[in-house]
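You will see chain A twice below: alongside chain B first, and alongside chain C after that.
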Partner chain A sequence: MAEPESSTAAAGAGGSRLRNAFGGVLCAFTLLLIGVLAFSIRLFSVIKYESVIHEFDPYFNYRVTQFLSKNGIYEFWNWFDDRTWYPLGRVIGGTVYPGLTLTAGTIWWLVNSLNIPLSVETVCVFTAPIFSANASWATYLLTKEAKGTGAGLMAAAILAMVPSYISRSVAGSYDNEAVAIFALIFTFYLYVKTLNTGSLFYATLNALSYFYMVCSWGGYTFIINLIPMHVLLCIVTGRYSSRLYIAYAPLVILGTLLAALVPVVGFNAVMTSEHFASFLVFIILHVVALVYYIKGLLTPRLFKVAMTLVISVGLAVCFAVVAILVALVASSPTKGWSGRSLSLLDPTYASKYIPIIASVSEHQPPTWPSYFMDINVLAFLVPAGIISCFLPLSDASSFVVLYLVTAVYFSGVMVRLMLVLAPAACILSGIALSEAFNVLTRSIKCQLAKLFDDSPAASGDSSAESSSASTSSTNSAKNENRSEKSETAPKEKPSKKNRKKDKEVAESIPAKHKKEKKLLVLPMEASVMGILLLIVLGGFYVVHCVWAAAEAYSAPSIVLTSRSREGLHVFDDFREAYAWLSHNTDVDDKVASWWDYGYQTTAMANRTVIVDNNTWNNTHIATVGTAMSSPEKAAWEIFNSLDVKYVLVVFGGLVGYPSDDINKFLWMVRIGGGVFPHIKEPDYLRDGNYRVDAQATPTMLNCLMYKLCYYRFVETDGKGFDRVRGYEIGKKHFKLTHFEEVFTTHHWMVRIYKLKPQKNRVRGKLKKLKSGSKTSSTIAAGRKKNPWQ
Partner chain B sequence: MPKATNDAKLLIQSLGKAYAATPTNLKIIDLYMVFAVATALIQVVYMGVVGSFPFNSFLSGILSCIGTAVLAVCLRIQVNKDNKEFKDLPPERAFADFVLCNLVLHLVIMNFLG
Partner chain C sequence: MAFSPLLLLAVAAAAAAAVSFASAGADDLVAEMQSLRSRSPSGVIHLTDTSVTRFLAAPVPRPYSVLVFFDAASLHSKTDLHLPQLRREFALLSASFLAHNPASADLFFADIEFSESPHSFTQFGVNSLPHVRLVRPEHSRLAGSEQMDQSHFSRLADSMAEFVESRTGLEVGPIVRPPLISRNQIILLVILFLVSIPFAIKRIMEGGTILHDPRLWMSGALFVYFFSVSGGMHGIIRHTPMFLTDRSDPNKLVFFYQGSGMQLGAEGFAVGFLYTLVGLMIAIVTHLLVRVESLQTQRFAMLAVMVVGWWAVRKVIYLDNWKTGYSIHTFWPSSWK
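For the complex of A and B:
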């Protein structure tokens, strides 16, 4: 009897190698498909509109990438930009996170050296989808370290489609998060890999990946605080091991050095409170390591003596050091934290002290519906994933749970940080779904085995293989029928993978039968229903993600569309205005507008602006805000002192575009009033209400913003009905004395005005003559026709 | 307290005896570590005397010393035969990793030194 068994054993071993190879190939093919899925779902905006850069911040990154591709890296590193923040300028080399632009620049250079003539704009537009595919693969690797291949594939498929990540990485959204999320997940993967294997090689790679993350995004402080938190957690729960030391200590040293290399961070890497946690845990780790080492050297009694000695001395030293540190930190008004970090830790901080941070809509706390919009089904799969991570608890799974908990807190503070929550939610949902499929399909297999109770005697090794096969995701014969109904390709592939395994598994059922008596086995109908329902859940998720990608998150806010009975109506007013500026003004003319439009103006119109989206100088922005809130003469004085030639305002009253300057006006008043006390917000409100109709205050009706927006507005429909505010405006017929209108776009969305030059002042007897000539010049200015209408 | 001083002396003696039993290659790594930390302390004292003006040079000097000390500890952990987690890691592989990590560390140091 030994002969056939050994031959079947040998055949079984060869068969298992073939099965493993086939499984590996299938896994790789699935990953390729997931990458293609992640790339293609982000192409809706290119298909529906055109291959154009979206929003505001990406235009700045695009301009910087253009400069890099034209002038090379040394010029880029030392670039001082004088086309923005006039007259201050901006040191681009030292204030920009270079990761994104260097990545796109490298891709462009590589592709062009292979003689594929892609323009910089194309590379910029498609960088985000490419890196989202990379991020899915990184999620697969990270989840594989935590729970296994099946969970990894599931998590990767979920991340490829999650709407929160899509919203910041569609084709055209050329912003830091596009590469930063990939760097984040990859750094976490390398950390967990080092923790699991204890290899210094992966620790080096981890530090280099952390360097890439620091180059890419200001959110790197999340990594350098989360990893120390996890190390502390491991120490406190008694899971200290030498692998933990290898995973953490080199990262701190190398990571701090590499972070200090990036000009934006510089010495902040050792001096700001954001990094102190890493140093503190570094010291604690060394103390713990020393304690374990000495414990290994001494006998228990002597160890106790040593402990009492060390504790008494050590506590004194500790107190001294902590006292010094606390004194140092408390001496600075912000306790060493930067404004942005403080606004995260204390959600009410920004609204009290930094109105600019509070005014950005992305920085508001999210509402409950936005959770369901952004991570949909994952919102209730995540708790199941947390439970599954605890059985059994390993270093990697505790890390994932900690990542999720901190990400949930920060996403509750700022809606923009839902993006950091998305990978954590995907990983945990992948784990949950994979475990669920595991249990259900195992139950089905067991129930099927009970039905086919008279199968032949098992070979020993195939039972071992099937127990390893059950750790992969789907393992059921019934799934063959379901696979036609399932709408997600990745779920099909794992089921096909196991159809072949099932043929050999059937023989081993009786042997496994005894092993599985202890495992959870559900009745057949419940398992089948469970699998069906889970697949339907997945279907809902996919449908929602595709809808969100197509309808909600693919709009390039530079071009607006609306559907009417006549078909699609396109509003291309922004580009019309910037093109007019670039063709009809001198190269050195300065344009003033609210800071939202600064990046777009410099990138597309190629004119110098006063303030832009970087918002690094609050006083300069407050100057522009004050000018917008003042009467015409005072505003003219302010703008003239800044050498401004043209003023640009955005007005949505004719077409109903709600994000126009009149709706943003109160923020201009608040920011201006924060620096110049003569601007008081109550002056612009009637009984606490913000209105621009007949009930508005005279200060509001006389301020520059009102006049520039509503100049000649009454000529459109005779009554001056503002479609955004929903009422008729207060002051309808007025003339501009210090500005002249030079351009209004087709739908009146962007209006450009020129500062009138100062009149020649002649004192004394010629005053009467002068007043006559003044009226004639204003009449001439008022009748000046708009050449584009 | 004579008992306390006796205990302390006994402690130090037993520590010394246990340490003398460690193999020579580990003792060499420990010596290297002590040298690195001593160099770091000398640099801190020097900075205290002359001030920290090129701060990047000070930072890169200190961090290179502490970095090599940390990497030496990692090498010691991986090469130590008493460590059961690393018993199937060949010491040549551990040393190669150590060299690679040091290479990266010193590349960064040279860049940051100014």
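For the complex of A and C:
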């Protein structure tokens, strides 16, 4: 490809075909390696711990997948779960995004029908890494549409190890985002592909991919707002084309119909404000399309008349629809927007009006170090990528820029949305790096050719040799081959049919291009330095990503480890406790705990819980919070009314595990007090400080949570020293009247108590009559109040 | 002991008279307060040294509580105290209370200015601002009245309302904020917007407007990127200042805050600038510098870019290390160590 004009035409064509084939194979091989990299960098958690599902929400997804694989899809669709939110239950089939579960279920079914006996858990653990590999391939496709193969490979490699995405997709983190990011990128790819080709085939695929995204994650509203924004931008900047129409109109119609099929979305797909933008743009697009169509039919003078007519009619229709939309929006209490969406539009909204959203740590606005942690050196490269996308601006590159700008703004409002920013940052950094390498290696190549002043054909070979020396320069050398072709591509928009023809065109064009490009070189020694510096920068990135994958994001939080002088300590108390529950309690017993442990209890112990991490019923949670904050007797009454047999608390005071129930307790008080006003937060605080030592208030020292956590705690070291809080506890010796301890795990991290049964009243009365004043007076006084004891 | 019933009677009569006198006086005071309140647009009574003694030094129990805002015109220029803003919020609280309980005589809102009435400041024992105190009916000493603590300023009028509701048991009602633009203005703007639509469409159809200039979009995109990665939204949502003054040395300014949960405005923009700078330089080299003819210029410019780029990246890594304690380090399997 280097000097095709010098050799004969036939030989040049043959050589370049070989080179293209070689490039294609190399590209496929690189993509395979990138997939392996994306998969394997996420296995640190399995290697360092074990193949186990992480955290809280994944346990729910795991349980749903288990149900699906056991009972089939129809049972799953109608599943009413009576093991949770007792006595209300939960309609699982209608309230989950089924994408992840169906995906893992399908993989499991496929693997088993191939006679590979994998357990459901194994499939769930490895779903996220598999889909990370898919996501990096989708990134390749999307970037290739915008800026050519070289940029695509670079972006895919960067995405394979971006820390922000790793944090949500390590092996075992079986959550919606793992699948959804792939679906997001793939939908964008299909949109851009349709935009470039104008093919209805891709438009249909795009709607299906959008359907998959709707199935997977609530973040699909990002797509259904971003694509209309891009369409509007194209119209406003005068880039309307029939390809734009084909890319957008089928997506809205098919996509909305398909989205309404997902039970959890249902009529929200047409009723909530998040979707209205797409309909409005749909109408505008039609008006514009009509205008362009008429423009093609009529003479300029007639067109002017017709144009006024069309615009006035179009505007009238538009206003009518806007009026209907406004009426619809105004009739709903939140103006049709969910609180989270509103807090994205008006960043100060949540902090003012929705303290629950504002209090969640992943809804905080990030500071600049968060960007350095999550996308690392990509933050330096993105601006260069933005500028590259504008030179020249195509439909695809403008979409990529729009995606980045919206994502970076949203990530600035909520740190959680860094996850959506990560692919955009990877794509633009890939473009920037690829362009930089392209320029620098081209400079070196041309200078080398000048230096040796050999025959031009030989210089082409030598550059091919030198480029295979290191992988990064291989990529960039290949970029060159590809980018020349891709520069012509956006203008021509080749369809599948005339691709062959297009290739021939592409081969003949570089002759002209080369002449111009030969001048666009930089001094050689500076180029070498520049390449070295960029490689150092990339090296930083790789080192940081590996560290983040290995150390920062791999802890499963169900098994804890700590390193000390004696060696590694493993705290496996959670699974110990859940196993005890499943082996020692009746299958229909109800277990009460704070909502954090609800999913794990149902999934691992298979026992009915009162509340879980799907916090849909605030009153129910407040009831549990109130019970935990009440004195023993009142708590017993609340739990008894809910048929609770066992109470589970998580206690970290012995081993120093900071996220235990005592540290979460103020939230229980707050949430409980929000519904039941007799629970007042100041009663639990001494001078505004939360403490459980000798200075603690009597209400605090008598509440159920304190008692269940610190019962017999003084027996461990004789002083009752709490390692998390760092002081001795306030009340050390006390007895439980309404609860009895049935199990405490090895490191005391989980403690399970049983509610004492209510004593038979008649017998108690008889006994009292018989024994008279035999019992000691102090206990008798207590007994009069407590018929249970 | 014959006179004792008589004496008792006399004492009782005197006491009754005193009580009735006192209540008559109190009624006068309430009426006076109400008339003062009606004179102010938001219902905040302006107190001076003399009126403080008159209304607040009255014998306990007074028939009313007073929420006093301590103001100092000389400190309005100090932006970190937010005095003017808090004073506006206080007026809003008062107006909302009045709207919800018209003609209430249980709670009055008042403010005192420092240069006018320094004596009252000492009486209340106020030596730092912002400061709000609630004088309840049973407080006999002014300094014994209850101070609203800092946390109740955080969400402005809403949190102040919570304080009032929890301490007095009176209901403030919803805080009524005046809309940013009035109804008529909104109608006017909507009409203007509607009228301008056809013209805008015509211009856009013709092409060549400012919207068709990619440079505008490019700089817009770069600006949004710069603003977001510098944590500008963090500053807006959390109301963090651009910089702080050093506690130990008031002449020194603190631009960088150690600890990852918080950042100052200037700090964010500085790092955001470095983030953007490196990217811009790479773009310049790849797109602009290659078009330059002179090799010497190219060489010199690339050297400068590489030096500055190296410095900027190192600076960010250093600052990140200083702020969060994280330094880029390799991960080795434990058996390799």
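Assorted remarks:
Everything that follows uses one rule, which is that the second predicted complex is superposed on the first by the 633 of 789 C-alpha atoms of A that agree within 3 Å, B and C clash if a C-alpha of one lies under 4 Å from a C-alpha of the other, contacts with A are read in each partner's own complex, and residues count from 1 in each chain.
Going forward, a residue touches a chain if its C-beta (ideal position, glycine included) is under 8 Å from a C-beta of that chain, and two chains touch if they have at least 3 such contacts.
Just so it is clear, the structure is predicted and the values come from calculations on it, not from any experiment.
By the document's definition of touching, of the two partners only chain C reaches A:409; chain B does not. Shared-chain residue A:26: touches no atom of chain B or chain C.
In the superposed model, A:232 lies in contact with neither chain B nor chain C. Which of chain B and chain C touches more residues of chain A: that partner is C. Contact with neither chain B nor chain C is seen for A:264 once the two complexes are overlaid on the shared chain. Shared-chain residue A:311: touches chain C; no touch with chain B.
In the overlay built on the shared chain, the residue A:208 is in contact with chain B alone; chain C does not reach it. Once both structures are placed on chain A, no chain A residue is touched by chain B and, in the other complex, by chain C. Taken in their complex, chain B has these residues touching chain A: 7-8, 10-11, 14-15, 18-19, 55-56, 59-60, 63, 66-67, 70-71, 73-75, 77-78, 82-83, 85-86, 89, 94, 97-98, 100-101, 104-105, 108-109, 111-112. Residues 198-201, 203-204, 207-208, 241-243, 245-246, 249-250, 253-254, 256-258, 260-261, 267, 270, 289, 294, 296-299, 302, 305-306, 309 of chain A touch chain B in their complex.
Within the complex formed with chain A, the chain C residues making contact are 155, 158, 197-198, 201, 204-205, 207, 211-212, 214-215, 217-218, 220-222, 224-234, 236-238, 260-263, 267-268, 271-272, 275-276, 278-280, 282-283, 285-287, 289-291, 295, 298-299, 302-303, 306, 309-310, 312-313, 316-317, 320, 323-324, 326, 328-331. By the touch criterion given at the top, residues 236-238, 291, 307, 311, 315, 347-348, 351-352, 365-373, 377, 379-388, 390-391, 393, 398, 401, 404-405, 408-409, 411-413, 432, 435-436, 438-439, 443, 520-523, 525-527, 529-530, 533, 537, 540, 543-544, 546-547, 550-551 of chain A touch chain C in their complex.
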